[in-house]
Structures are given as C-alpha cells and as structure tokens.
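Multiple structures follow.
The same chain A turns up in both complexes below, where it pairs with chain B and then with chain C.
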Partner chain A sequence: MRAFIRVVSGLYALAIYGFIFLPVVVLVLFSLQATSFPIPPFTGPSLRWYEAVLADTRLTSALVNSLLVAVVSSAAAVTLGFLSAWGFARFALPGSGLMRGLITLPLTVSYLIIGMGLLVLFNWAGVPKSLTAAGIGHVVINLPLCFAIVYSQMGDHQINIERAARDLGALEWKVLLLITVPVMAPAIFAGFFLSMTFSWDEFVISFLLTRFDTTLPVEIWNLLRSGLNPKTNAVGSLVFAVSIVLVVLFELMLLRRKPA
Partner chain B sequence: MSAPLVDISSVSHRFGQHTVLKNVSLTIEPGSYTILLGPSGSGKTTLLSILGGFVTPSEGKVLIRGEDCTAVPPAKRPTTTVFQDYALFPHMSVGSNVGFGLRMQGVDGATRAARAREALALVGLATAFDKKPHQLSGGQRQRVALARALVVEPAVLLLDEPLGALDLKLRRQMQDELKAIQKRVGTAFIHVTHDQEEAMALADHCVVMNDGRIEDEGPPERVYARPATRFSATFMGESTLIAGTVTEAKSGKITVTTKLGSLSLPGTLPAGSTVALAVRPEHLVLGTAGGGVALGMAKVSDVVFQGSFKRMLGTSTTDPALHFIAKVPAASAVQPGDVVAVSCDAGDIILLAD
Partner chain C sequence: MSAATKSERALPWALVTPALGWTLLFFVLPFVAMAVSSLTAHEAGGFTLSNYSQFFANPSYWQAMVNSLQVTAIVTVISVLLAYPFAWILAEQVPERWQRLALMLAVLPFWTSYVVRSYSWLLVLAQNGVVNRALTGSGVFGEPLQLANTRLATVTGFVHFFVMLLTLTIFANLKQLSPSYRKAAADLGAGPVRTFLHVVLPLTLPGIMVGAFLTFVLCIGDYITPQILGGNNELLMPQLVMMQIGRRGDFPLASALSIILMAVVTIAYLACARWLKIERA
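Right, the complex of A and B next:
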C-alpha cells in the first residue's frame, strides 16, 4: 500500500513538472532540428538554426536592444525602489501605510492597462514611440517589485548601524552610499535581477511603445507571423536561457544569508 | 573649579503625551566616569540619546565644552556612542570599521590605518585588524565598537548599556577593562546601565534616575552609604526599610517613632513628617550581643548561602509587614524558623524622608 502511494505520488509529481516544463522541452528540442519544420520526427541535433539566428541582424540588434532596456530600466527601477523603501523605513511619513499600498499597486494592474495608459500619455505629451518609452514602461512595472523586495529586507537592526555612521561624522548621502547600500546589497541585486528577468521577457508594453528599434520578444512575435520554424525555437531557447541565468542570480542574491 | 565639560540644564523631553525626562540638570567633569543608573523607563537612555544628538529635547539646553549643542546633529558634535548592539558595519573589516570616523574627517589612508591599529591595540585586539565583524565574539565586537568610538578622540564617549549583551563573567572582565581604558585615555565616559554592581564598580560619579528624574547623584560610595531618597536606597543595593514618623524635633536631633519603638537620630525634619529608616544588610547584627539600637526580634524565613557570606531574610515578630535583609557570616548557624534578636548601630541608620 505504502509502495503504491509512493508510485502514485511520484507519477503525480512527474505529471505536474511535465505540465510545466514539457512546452519548454519541446521548444528547446526542436530548436536543434536539422530540417525546416519544428515537428516530429526529431532530425537533429544541429546548431544550424542558432547560426541562422545569430546571422539575422534584426534579431541580434533586437537582442542587444532588449539587454540594454533590461539593464537600464532595472537599474532605474531598483534605484528608485531602494530610495523609496529607505524613505518609508526610516522616516515617519503621513499616511505611510496608504502610500506604501499605492506604490506596490502597479503589481496588480495588468501590463496591457499600464502599456495603454503610457501610450495615451506619451501621445499626449508628444513622446515618440521608442526603446526609451518602453524602458520607462518597464520602470513602472518593476519599481513596485524592487520596492517590495528591498523594503522587506530593511529591518530595524540597520537603524543603529546608520546611526553609528552618522555619529562618526558621515553626512547623509555618505551614510546611504557607504553603509545602507552595501548592507542592503543582496536585496538590491535581487531586485535588479528579478527586474531584468521581467523586462527581458516583457512583450505587451514593448509592443505598444516601440516602433522601429524594438525588443526581442516583439521581434520574435514579428517572426512568428510568418509561421513556425526552428529559428523561432532557437531564439526562444536563447531567451529562456538568459531568463534562467537571471532567475538563478536573483535566487542566489536573495537567499544568500550572510552571518550577522 | 574648571568649567564643566558637559552642562545639561533643565532638560525635559516628551514622546507624544508621555514625558520621559522631567527637568533634568546634570554636569559632567572632564575625565570623569559617569554612570546613569536606573530601571527601564527611567529616562536614562533618552538622556544619553539627547547627549549623542539622536534626540532633540523638548525643553532645556545641552552645552558641551561651553558650546550649545542642543540641536546639533550627531555628526557635528564632539561625542561618539558605543551602541548596545555594537552597530559595527558588517560589510567592512575591523580596521575599516575603526577607521571610519577618521575617513569621514578626510584623514588619509595610511594615517587612518596606523591610528586604527593603535586604537585596536588599546582595547587589546591588535590582531583583529583584517577580520570581519562576524568572525569575532561578542566581547571582541564590543572592543571594536569601543575602539571605533575612541579613535576620533571625542570630548565625551557615550556608552549605551555596553555590557548588557555579554554573559556575567565576561561582563565583569570587560567592566575592569573599561575602567582601565578610561583611565588611560582620560576621555569622559558616560555609561548607561541598570546593573547597580556595574555602577558601583565603574563610576566616579553615579547618577540614579527614576521616572524621568535624577533621584540622587554623587560618588558611588556616598550614594550607597547615604542615599538621598528611598528609591536610590532600594535601587542601589538592598536595605531593610522601617517606616516611622518624626514625633519630636529640636536642635538637630529628631525622635522617630516606629512600630519597633522610638529612636533618636541626628536630623532636621519637622515633627509630623513620615520617614523611612534604611539599614544596609551588612549593618544588621543578629543575636543578643548586638549594636546600640535594638530592632526587636526577627523570625528567619530564608537563609541563602552566597559563598563568602549568607543572606538572611526574616520578618519582624512585632510588625509582620517589616522585612529584614541581613548579611551574615558564612559560618553562621542561623536556620529558617529561628527567632533571633536584630540590632544595629545608630550611625548606620539612613534617614529617608518620604
């Protein structure tokens, strides 16, 4: 009976992980297809489609654009998120609870709504569609996330450390730069890498806010309009690989516990 | 007498509706070791925070070296603090921690390192320069915090329950070292504690605080032997307290009537005042061949062996509300249940006005 339960729960686990990962496995597998259609039977392995991706300047420049937007928007989001978390943690502000709620609210709003809102706003303000516009959109969606991560790690035990620095003659900006930022570094990097992951994958906002230069997810969508081929699988696999690296970096940063 | 190093005049402080300091005035002499002693909630930590600049008092002034520092931020005043949790910078080496204050003053790297090493040698941690704070024990972190605060040569060093987190043995050891270091550097130390033994061992000047007020201040010997108030008599050491009323007062002599009888004491209180007579445990004498003032009979309720002496707790047979605390020799044969005569010398009775 016990053995039976073990087998059933094993199968159940297998089914769940299969359900989650089978699409990705299929995507990666057929990116290695040697022939022109990403359907069984598997004819690879071959790297010809990866070569094709890297030879396609539209895809490679979109990849560079995506990285650029991810890095710059994440840096901006984590800087702003850190500063607001510090403000909320260290100063008694009027309506602090409400304001904290408002700053994390965009986490619950759909990207489509945020993208549309920005599109209307930028139209009205005369800001052209561009990578910058998409980057601003990514700051909007990632700032609340960075705020939440940094704020959750900002405990009272750091207050005395900051006080000690002030006591020894440090000006406020030096306290922030030399003490608070290094002490909060794990949370700051975690926020940065998670933001990069989301920015890197993000489609809707980039689609709405870019025109000529665009990001990789939008370029992949363009590619998909002409039908499936192993090249789309290859570029999808590359996107997936980068996401994994970013998520692993995030986990390493957040879960690494330094001895006190 | 030279001008005081620190002059706290009429400082009051409120947190919202709650008044934590009530019109406190205190002066600190250069080179002195001052202890602020009191229970939690007595305002001693708030007073230290006001000295350090972390709290601006609601009323009153703080002068340091004759300059008004009442609202000067911590970075700009000549005080440094050793925090209760040490507050070392976890991402910096011990050397960088100690050198931080000098770095903020713009001292160059080489001088900084040399002076940090000197300060670490002063606290007996010369070898820890390159270590990280988390590699050190509690007592060692405490020394680093001390070195970090001393290296900038403050006018006053503030210590917020610095020994609170250490175990008893280490605490007594650090206590001796703190005193030695203070004598060596000659900086005025102001040290907050609720441990009266620590206070007696360290202080040149002991300030007993309760409920936002200074109850008593002076050399610890004086505060112990002749406490000014009932609170200070009970907080700084133990006492047997005998309630009484002044029934006669003339030419520097008063007669106090208690349930144990009448006593004549030197004093100037008017007739009718209620008073308490306090006797320290070591001044109570058990047995018939006792001191000059008989205090009736005590029924012994407990005898606690403390190594070099025994602590006797008993209740008066004439007044069950009166509890005796006596220190008796370790060899004494007194047992719980015994009824013994208690007496003391008139000169050992401390008169406390209520």
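Right, the complex of A and C next:
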C-alpha cells in the first residue's frame, strides 16, 4: 500500500511538474532557433533573436522604463506602507481599524478596475498618459501589500527595543531610523521585493495609462500582434532569466537570515 | 498621552496621512469618478441609467458575464483538484530537506511575466505547435486540432497559473497542521485514508476556501489570458470592458461594466464570507 502510494505520488508529481514547465521549456527552446517561426521541429541553437531583441531600441527602452517604474513605485509604496504601519502599530488612533481597512482595500479590487478608475479620473483632470501615471497606479496596488507585510511583522519585542532607545534619550526620528528600520529590515525588504516583481510584471494599468513611452509587458503585448514570433520568445526568455535571478537572490538572502 | 506635547500628538497622524491620502486620492476618488462616469451618457452627456440597462438588455453583454462566470468556476474547481494532491505530495512524501527546493521549482514559472506565460501557451497549443505535432506525429489525429483561440486554451492558461498559486497556499496550510492531529487519529485506530478524509481535509478546508476565492477574484478580473489565448471568438467581461475603451472610447459604458463586474465579485465574497476567515495580525 505504502509503496503503491509512493509510485502514484511520484507519477502525479511528475505530471504536474511537466504541465507547469511545458510552456516555459517551449518558450526558451524555440527562442534559440534561427528560423522565423518558433515552432517544431527544433533546428539547432542560434542567438539570432537575442541579438535582434538587444538591437531593438523600443524593447530596450521599455526595459529601462519598466525597471525605473518598478524601483521608484516600489520605493514609494514601501515607504508609505512602512510609515503608516508604524503609526498604526505604535499609537492608538481613533478609527484605526477603519483606516487600516481602507489602506488594504485595493487588494480586493482587480487591476483592471483600478486602472479604469485612474484612466477616467486622469482623463477628466486632463492629466496626460505617461509612465508617471502608470507608476501612481503601481503604488496603489503595492501600498496595501507593503503595509500588510510590515504591519503583520511589528511585534511587542520590537516595542521594547524602541522604548529602551527613547528612555535613553533618542528622539523619535532617531528611533525610527536607527532602531525601527533596521529591526524591520526583513519585512521592508520583502515588501519592496514583492512590489518590484508585481510592478515589473504589471500589464493592464500600464496599458491603460501610458502612451508612447511604455513598460516592457506592454511592449511585449505589442509584439504579440505579429503572431508567433521568435523575437517574443527571446525577450520572454530574458524576462524569465531576470525574474529567476531575483527569486534566487531573494531565497539566498532569506536562507542566510535563518539560523541553520 | 495627556502630557504629550502638540508635536508628539501630531506624529502618528503625520505617519499615517501619506498612505491614507494616497489611497483616497488614487483609489477612492478614481472609483467615485468611475461611478459618476457610469451614470453619464457617452458623447451626449447628462445623467442616465442607460449604461446599466444596456448590460441587461444586450444579450451579447449578458453572455460575456455568463462566459466569465463559467470559465472562472471551471478554472477554480480544476485548479483546486489538481493543486491539492500536488501540495499534499510535496508536504508529505518529499523528504523535509528537499521540500523547499521542490516547492521553489513548482512555482518557478509563477515568476515569469504574465503576458509571456500566456504567449507560451499559445506556442504550445498553436496549429503547428508542440501539442499538435505530437498528436499528429504519433498518429492519434490525422489533422491538427484547433486548440488556440478556444475556451479550452483560456482555461488551460488560467489553470497553469492558479495551480502554482494554490499549491503555494495549500502547501503552507498542510505544513501548519500540527502532526499531533494525525498521531491522535492513528492512535484512535484510523488508517491513512480515514485520517485524511476526517482530519486533514476538514482542517485544511478553510485554507482551500481562501485560495479558491483568491482564484475566483483574480481569474474573473483578468484580461490578458482570455485575450491572448481565447481570442475574440468568445468574450469575457474584462475583454468587453477593454473593447469599449479601445475601439469606441466609451468610458461611461466601460465604467458601468467594470462596476457590474465588481458587484459580482462583492456578491461572491459576501456569499462565502462565512467560510473565509482571512487571518488578521
């Protein structure tokens, strides 16, 4: 019975792994072939389409835009999230539950609706479409996340360290910068990292709120209009590689923090 | 707090105001703008309920909602059914020291770009793609099948994403379960099957419900997967919304449809709120 369960489990896990990796393998494999259609049969490795991607200034500038929006909007989201989490965790404010609920509310609404709302508002207010507009949207989606992560990690033992610092005469801003931020660094880092990955990958808000200068997912979307295209495979594989590097770095940092 | 100086009392407000202000200005206000817009007539101006009545009067709009609900229900059920055994195997059958790696591998494609992932499925399912080559090559089918631009393709793309997401949440759930429950069940004479059915499954059910609800919300609001994989043969609600903006610039109708979509999600939330115990810190 036990051996039977093991065999069935192994086969099932293998099948699911196969399902999960099938599209990624196909994507990467056919990015490496020189023909103009990314379809079987595979005709040997070539870096032709990677060269084409790197020579395409629309794609490379979209990549820079994406990184810029991701870094700036994540920094803003984690700063706002951290400050408010600290405020709510350390001080008793009237209507605190309601206000915390308001800050986390965007988590329950789809990106499409957040983007639509901003589009209608900006349209009325005469704000032109731009990367900044998309960045504002990215802060809206990531702020609740950063807030929730940091807020959930603010425990009582940290209050005591802050109290000790205050008793020793530290001013509030010194407590914040020299005690709270370093103590909360893992949560702040996690919030920033998650925001980065969400912003880096976000499509619909950027699609609605940018026009000429746009982010990488939107530029890839534009490439899709030409149907199956090995250039899309190449740029997709590059994006995948960047994400993997980020995730592995994140994992290694988490592992190092853990006492073995 | 009575001895607090004015600046000390202002400090907490100074900390929370930026986040609150941002949410009010760029989340609540846009929503109000959208609600007001949904009540105005496109081009003609003036207040009207016609954007909402159009949804109920026009069968093709109505059909988009039916399609969305059907696809979302199918995706949620299949994803849970596929992910649960997988998460269980990772949590129970894989040796402890390999679990982290096994889980990381299982969700690796989760971190690829969402747009690229849908495109990759298009490659797999295309007329001359890998699946069709395998099917015709092995002689199972003479002709390649129409797999791309169908509901099946949309569902496959969605299930791929949500199996990974649900594996993560269900795995976490199974690991949180104290081993003493299983030991107690075994001590009382229950075999592995009974222990699973009467102890493990009921205890992980709340986690499954949260994961299923998350799947529902993310799936019904997604534009990318149905647009890339399903094409325009059969429209889902997000596609219908985007179509109003892209082709016709009809913001009021797009706003009304978005609000209807949001209302459906809210109703779904209220309907299963008693099973959803989202933990608060």
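FYI, the second predicted complex is superposed on the first by the 244 of 260 C-alpha atoms of A that agree within 3 Å, B and C clash if a C-alpha of one lies under 4 Å from a C-alpha of the other, contacts with A are read in each partner's own complex, and residues count from 1 in each chain.
One rule holds in what follows: contacts are C-beta pairs under 8 Å (C-beta built on N, C-alpha and C of every residue); 3 or more make two chains touch, one makes a residue touch a chain.
If you're wondering where the values come from, they're calculated on a predicted model, not measured in any experiment.
Superposition note: with chain A as the common reference, chain B and chain C can be accommodated side by side.
Counted by residues of chain A touched, the larger count belongs to C, out of chain B and chain C. Shared-chain residue A:179: touches chain B; no touch with chain C.
Annotation: apex chain A, arms to chain B and chain C, angle 100° (C-alpha centres, rounded to a multiple of 10).
When the shared chain is aligned, chain B comes close enough to touch A:157, but chain C does not.
By the document's definition of touching, neither partner reaches A:49: not chain B, not chain C. Looking at the shared chain after the overlay, A:189 reaches neither chain B nor chain C. After overlaying the two complexes on the shared chain, residue contacts for A:232 are found with chain C alone; chain B is out of touch. In the overlay built on the shared chain, the residue A:167 is in contact with chain B alone; chain C does not reach it. Closest CA pair between chain B and chain C after superposition: 5 Å apart.
In the three-chain superposition model, chain A touches chain B and chain C at no common residue.
Put simply, chain B touches chain A in their complex at residues 52-54, 73-76, 79-81, 83-85, 87-91, 100-101, 104-105, 134, 148-149, 152. Within the complex, the chain A residues that touch chain B are 157, 160-161, 163-171, 174, 179, 182-183, 185, 258-260. Residues 8, 11-16, 18-20, 22-24, 26-31, 33-34, 37, 82, 85-86, 89-90, 93, 104-106, 108-109, 111-117, 119-124, 126, 128-130, 133, 160, 163-164, 192, 217-218, 220-224, 228, 238, 241-242, 245, 251, 254-255, 258, 261-262, 265, 269, 281 of chain C are the ones that touch chain A when the two sit in their complex.
Interface residues of chain A facing chain C in the complex, by the touch rule stated above, are 5-6, 9-10, 12-13, 16-17, 19-24, 26-27, 30, 37-41, 80-81, 83-84, 86-88, 90-91, 93, 99, 102-103, 105-106, 108-114, 116-121, 123-124, 136-137, 139-140, 143-144, 147, 151-152, 172, 197, 200-201, 203-204, 208, 216-217, 220-221, 224, 228, 232-233, 235-236, 239-240, 243-244, 246-247, 251.
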